[in-house]
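Heads up, there are several structures right after this.
Next come two complexes, and both contain subunit A; in the first it sits with subunit B, in the second with subunit C.
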Partner chain A sequence: MEEQRQITVIQTAAILVSTIIGVGVLPLPLFAVRAGESAAPLVTLFGMAVASIGLVLITWLGMRFSNKTIIQYSEDIIGKWAARLGSLLIIVFFAVLTSLTAREFGEVVVTSVLKSTPVEVTVIVMLLLAAISTRNTITTFAYIHHFYFPLLLVPILLIAFLSFKNAEVINLQPIFGNDLKGIMMGTMTIAALFQGSFILTMVIPSMRKPEKAMLASFWGMLIAGGLYLLIVVAAVSVFGAEEIKNLLWPTLELAKATSLPANILERLDAAVLAVWVTAVFTTLLSSYFFTIYAITQLFRLADHKMFSFFLLPFVFIMAMLPQNIVQMYDIIENVGRIGLYITIGYPGLLFMISILRKKRGNQNGDESMDKIG
Partner chain B sequence: METNQWIKSVKLVCVMLITVPLLTGCWDQLEIDERAVVLGVSIDVAGEDAEQEESEVGHVQGAVPAPRSGMVRVGVQIALPGRIPLGPGEGGGSQEDSQQTVWVIEVVGHSINDAFMNLQQQISSKLFFGHLRVIVISEALAKKGLENVNDYFRRNSEVRRMAWMMISKGHAMGLMRAAPKLERMPTLYLMSTLDEGINLGRFPKDYLGIFWSNTSKKGQEGFLPYVEMKKEQNVEIMGLAYFKNNRMVGVTKPLEIAGYLGLKGVNPAGYSAVINLEGMDESVMTNVTQRGSKFDLQIKNGLPHFTIDVNLEVNLEEKMNDEQLIDNTETIKSIDRKQEEVSEKFYKDIIRKTQEKGSDIFGFGEYVRAKKPGYWNKRIKTKENWQRMYKDATFDVNVTVNVRRIGMKAK
Partner chain C sequence: METKGAIMNKQSAEALTPFSPSLHANVQAIRNRFGGSCDLVIRLFSSDAAPERELAIIYVDGIVDSETINESIMEPLMSLKLPQYRYQKGGKLLDALRSCVVSIGSVQEINTMDEALLYMTDGLCIILADGCAAALTADVNGGSQRAVSIAQTQTVIRGPQYGFVENIRTNISLIRRIIRSPDLHVQMHKIGKQTHSNVAVLYLHGIVNEGILKEVYRRLAAIDIDGVLESGYIEEFIQDETFTLFPTLLNTERPDSVAAALLEGRIAVLVDGTPIALMAPTTFFSFFQSPEDYYQRYDIASFVRIIRYVAYIVSMLLPALYIAVTTYHQEMLPTTLLISLAAQREGIPFPGLVEALLMEMTFEVLREAGLRMPRAIGPAISIVGALVLGQSAVQAGIVSAGMVIVVSFTAISNFVMPEFNMAATSRIIRFGFMLMAGMLGFFGIFVSVLFMLIHLTSLRSFGVPYMSPLAPGPTRQGLFRDVFIRLPWWAIVLRPLDMNLRNPKRRPNGKKPPAQRHTDKP
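Now for the complex of A and B:
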């Protein structure tokens, strides 16, 4: 905590958006449509609402303990050992999330662009890139996100709006769907795509004005959720729900079916993939950074850099575990949903206990807090 | 000081060494001249003795039984990189035949991919489908079903959804070998026939991707352009080949494409029709300039009932003889009325035709699904049920025609 508090509200929002928008955008419409057919936008909205609950919880906690991350304040709230167990779960979960992100990235690249490049290479290149970048301080980390933010925003907006040319409104009707059985599951799957927002708990202690964290998370959620919603609406209105069920990555297919006016580019998938690589990079960077930062704090070390390469082999091996792409998506969906207990359930628990025990990080000195635990 | 410099140079060498593996290029490098750029593909049903003709690439002979839908004969049109004249100045248009800009090869196989693998065995460069613009399928194959074709091209990541798929009367292979005079590349000519069709209001947007989407939808069926090669190696759009699931079940007449476009209210409009004036031998020809349509859905006696209002803006283009002058509002009104009458019957006929085959290419079922979800969930729910129910659905068509202009002649 000796670092300067330099991160602004806008940077925080940018971190949230570029962390949330990642590999998930490609299969997103498929997940949503499987759950609700033409109600896919509604499912996305529900998912966004569930994810917002989690984000609000960690923002509140973060503001209550504005000098501490979740690893530290959980010890104040529920005691040292229970908190350490919780922190360990979070760390493992984010390490798994990092590896799955890298693997999903690799699968997309190998399937659609670099067909003869081994998937191991694409995965390790991406992980190396993330590992090297995590050797920076959290301020630089914020700058990286801030820098890539527009690069991520513009192409998604471009594709969505260009594809509306081929849209048919009837595909989006009825907006409540014909079949509501899968909506709960789907909501959770979509909510799981927002889990990257957990990075906020690491960012708040370095924010210049932590009291404005809620504003940042509001904007972050609004922009990221808005983009997700836009993609789903565009994909469903162009293809129709039934066709999306046939497509592994509807967003990529959408880019393929969309052309720039005057046929400057007849298909945008190559351009989109190029941008999407940056989106994946920022997501990967965040979850990787979160993992090593959390480890550092769990062991009360000062420097997180040493872990960035130490973690690499573990993450890489985990990334290589899924045997095929179908199994990989099963794992991703299941891990995501289980992860909701960690990213929403756990902060919720902390939040309630902290209110009951009237814990607050801001007024009292940190030392006295530690004793109680 | 000296050691410092030494360390510096070692560092520099290290950095340079790191970049070495990057300089080898990537696994996927494939120079443009090592690619066989496939522009068009034709797929026919292979004859009885095809199995003998097939080389043993994907499987040894006799090991795999011929698939249910029979074997396929695939023709590809590969662009010859050096031969394609770029830009003007090289004698616009092709006087030579198509054989000089493209290379047409045919193979047989058990499935589409099997055929492509047989083909790959015969040519040195790697087949590349990124520029595939036209897939021509013979009527015979379409009637057997397109499951295999759709599956292969959907799975292939190089194929674009903006390509055209069309059904040919007779053999599809002929269209690959055709050498139209207007374009240098035969497939580009095929493609522009249809693309211009869209611009002229003579054909609906029906790219490969749109066909796939329509085929997937529960309340709609796909359709494809139905083409035939004419004497001068030109291509005529003969109608819409309409499907039920993946199987072609019928073809419309060319003018019935206009019926489809009118019912869907597609713009720009472009079809002309001959109108026989009441009580006279006089005929005029009118050209539609603007179409509009509105569906209204009600459930009557437990069955969907559609009221379709079609609105046509029309220009008069031609009069066959001189008996009647077009110089007063009454005459124009009578043309309006006559065309309304004719069109109503015409539209109803097209709908009836598709109803008989249970192939709802208009997407009325999607309309039911979207607007009456309660009814849909209770009574229909699946594609098969809608195919059955479509036959019993009832339709009212109201057409409003307005002749607006009569050209440069005053009467």
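Now for the complex of A and C:
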């Protein structure tokens, strides 16, 4: 109990950024280009806007009920059983998200660097690492994110700026693209890449100053969205829209195309991928932590540690279900779109009902939690 | 300095044997208790002060200063000519001796046999009188010991050169001479059922965090062991986490390091019988700070400190990176370097991992051999190491020249660390990294690095996060002025530890006192 309410605004923003930025950055330019060709940066901006709506909703909700997580306050708003159904959906969704993240990164590593290693090994290594780390408290969880934040920024900025050497502005035109309908669809796909921000609903009750959560989400979204935009602009301006359609992980290709000045290292992709372990790990840690933390709260248990290894086999098996990369990406896109209902639609619903029923969580502080919960 | 209280408390639980009024019974009991040991000196005599009653002085030879006993106890007692002095029967005789005769600084009266035995083994002299069921103790601690000399393990170019010795009293006095303040508090504990070793806790009152201090006392009080021969015994009992490769207590043999730690609000633990003192709480970064950092100019100190961090990372990761690059990621290297490496490795029968493990093991064996063997055969080891294992192994085509360079540089980097225990950590972890690199390349290395960093962030040293102020972030401005680099002394306003000190400020502000440029002009 002594470690409650220790997370600062900066740590919250770091949690948001490092959760959002993960393995999704690798195929990001591909998704954006598929939807809008040269309008890819625009698609990313739109996606960021949609995701911001969702983030604002959960931040508002979190500040309204600043002592509770979404699992707890949803019961206040829409009643016990409806809320439990909602929470169950959230938990399943995040478990699936965890497994897909692990699988996606496993595929990336096996395809590009460790060609003769079975994908199961890389997946289980990442999942084990996440499972062990989730055995810490939420404060340590925040420390970890804060600590790794620079490790995440540096490679992205390095790749983006080194690759601008080869950029052609013509590749970015016309900036509005040719296909409006496609842009709309792509917006949803990109917005789905921001779903990690949902972790905020778990973090707000442990924040030192929950009233500043909006500031944290603003910065988190700005930095994460800015990095996304930077990567898309860099990839499209270097390769051009048509070329990117043929690349599975354009960001990784970007790393391959760039080399350090003075010829110290000829290709950066292996090094970047290695550093990228950090980014993927933080995303994985967040979704895994969210899953077990939510389960703990749904069943009203005190300790979330016991679930960290209990969940591991399920997540691992789910991660191994897709037959190949193509099928995996189909699943990822579909799960992402369905996820939008959960991460934006559900909080939106909760928000409206809470306004209509004039429910607030803050008046009588901690006691209300015991009475209702 | 003696903690009578501590001894009494420990003993009070058990039944104490009181003195008998008969001198001979007491003397006999003490002699029996020591099993007739030959170094027990029992001197029976009578004094003019009380001619009809026999007195006895009892001490253990060798741990007391016999000259002091002769001059300050025996002589006054035996040559006493004070007929006007009146005493009554019973304990009053001892009172009289204490106040008028025995000329020793620290004298006190005790009532039980158990105390007497403890004090005697601690280097005190016992004075017994016939007809008194009590005794006097006189502090005549002495005997031969090593003189204060140059610190052997942590040398500096600029700064005080002397180190601690094995005697705890001398060591405490060395610190007292640096911090001349009554706020320097020293609390003595006895630990060890057989050795009754003195363990002193030092701190600066008014600066130290009382909560952490209480925790130190609590952990020390919980130690139950037969003997404490070195501060390492204490360290393993009071450290926060046993199953970690990283040390969570600093140790030093330099009084100035201990004084600096006390000024930073840390707590020092000195153990009798060893020149190595412990300091806690500590952070990961304090292991990269040499005392010399604070004596040399700040720019030199900062440069050297950065070198240390780099060297530490190199000594942990270089062999692993070499294995990963040569086994999995050849495309990363510039073509010319790649060709040169490939040519070297052409005739090598082993894969990179085996080659690296072979050489690293060889080096570790050489190093340990160099440490343990008698000084006289030192050159033999250098010849075997340098010529046979280095040059000949390459010529014989067992290892590549590149590998030898990697191993040597790793080894040299390891010697840069100012703290031996932290350096040893990287020697062990290195093997884990090498194995992971051999199995999973860069991916494996980074997964293990991540794992290590997670472990580091979850460590605590007496409740202080091990990676602070980096993670969790600093709670106050200005905590980073003495972590990766050292700013000039006038800019270091705060004490470095992020741990709620009573008084976190070292200086009022971060401004340099103004200097007059033209001192010759009026």
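Structural remarks
Criterion: the second predicted complex is superposed on the first by the 361 of 373 C-alpha atoms of A that agree within 3 Å, B and C clash if a C-alpha of one lies under 4 Å from a C-alpha of the other, contacts with A are read in each partner's own complex, and residues count from 1 in each chain.
Note that in this section contacts are C-beta pairs under 8 Å (C-beta built on N, C-alpha and C of every residue); 3 or more make two chains touch, one makes a residue touch a chain.
In this text, all values refer to a predicted model and were calculated from it rather than measured experimentally.
Applying the stated contact rule after C-alpha superposition, one finds that A:Leu114 touches each of subunit B and subunit C. Legend: residue contacts after superposition of the two complexes on their common chain; A:Glu266 is shown touching both subunit B and subunit C. In the superposition on chain A, A:Met63 makes contact with neither subunit B nor subunit C. Judged by the touch definition given at the top, the superposed model places A:Met185 against neither subunit B nor subunit C. When both complexes are overlaid on chain A, the residue A:Leu222 reaches neither subunit B nor subunit C.
In the superposed pair of complexes, A:Val277 makes contact with subunit C only, with no contact to subunit B.
By the touch criterion defined above, A:Met320 lies against neither subunit B nor subunit C after alignment on the C-alpha atoms of chain A.
Judged by the touch definition given at the top, the superposed model places A:Glu243 against subunit B, while subunit C stays out of reach.
By the document's definition of touching, of the two partners only subunit C reaches A:Ser133; subunit B does not. Annotation: subunit A residues 113-114, 117, 121, 266-267 touch subunit B in one complex and subunit C in the other. Remark: subunit B residues 26-28, 154, 157, 160-162, 205, 207, 209-210, 212-214, 216-218, 363, 366-367, 369-371, 373, 376-377, 381 touch subunit A in the complex.
On the side of subunit A, the complex with subunit C involves touching residues 6, 8, 10-11, 109, 113-114, 117, 121-122, 125-126, 129, 132-133, 136, 139-140, 142-144, 146-148, 263-268, 270-271, 273-275, 277-278, 281.
Put simply, subunit A touches subunit B in their complex at residues 38, 111-118, 121, 166, 170-171, 173-174, 176-179, 238-240, 242-243, 245-247, 253, 256-257, 259, 266-267. On the subunit C side of its complex with subunit A, the touching residues are 328-329, 331-335, 440-447, 450-451, 453-454, 457-458, 465, 467, 470-473.
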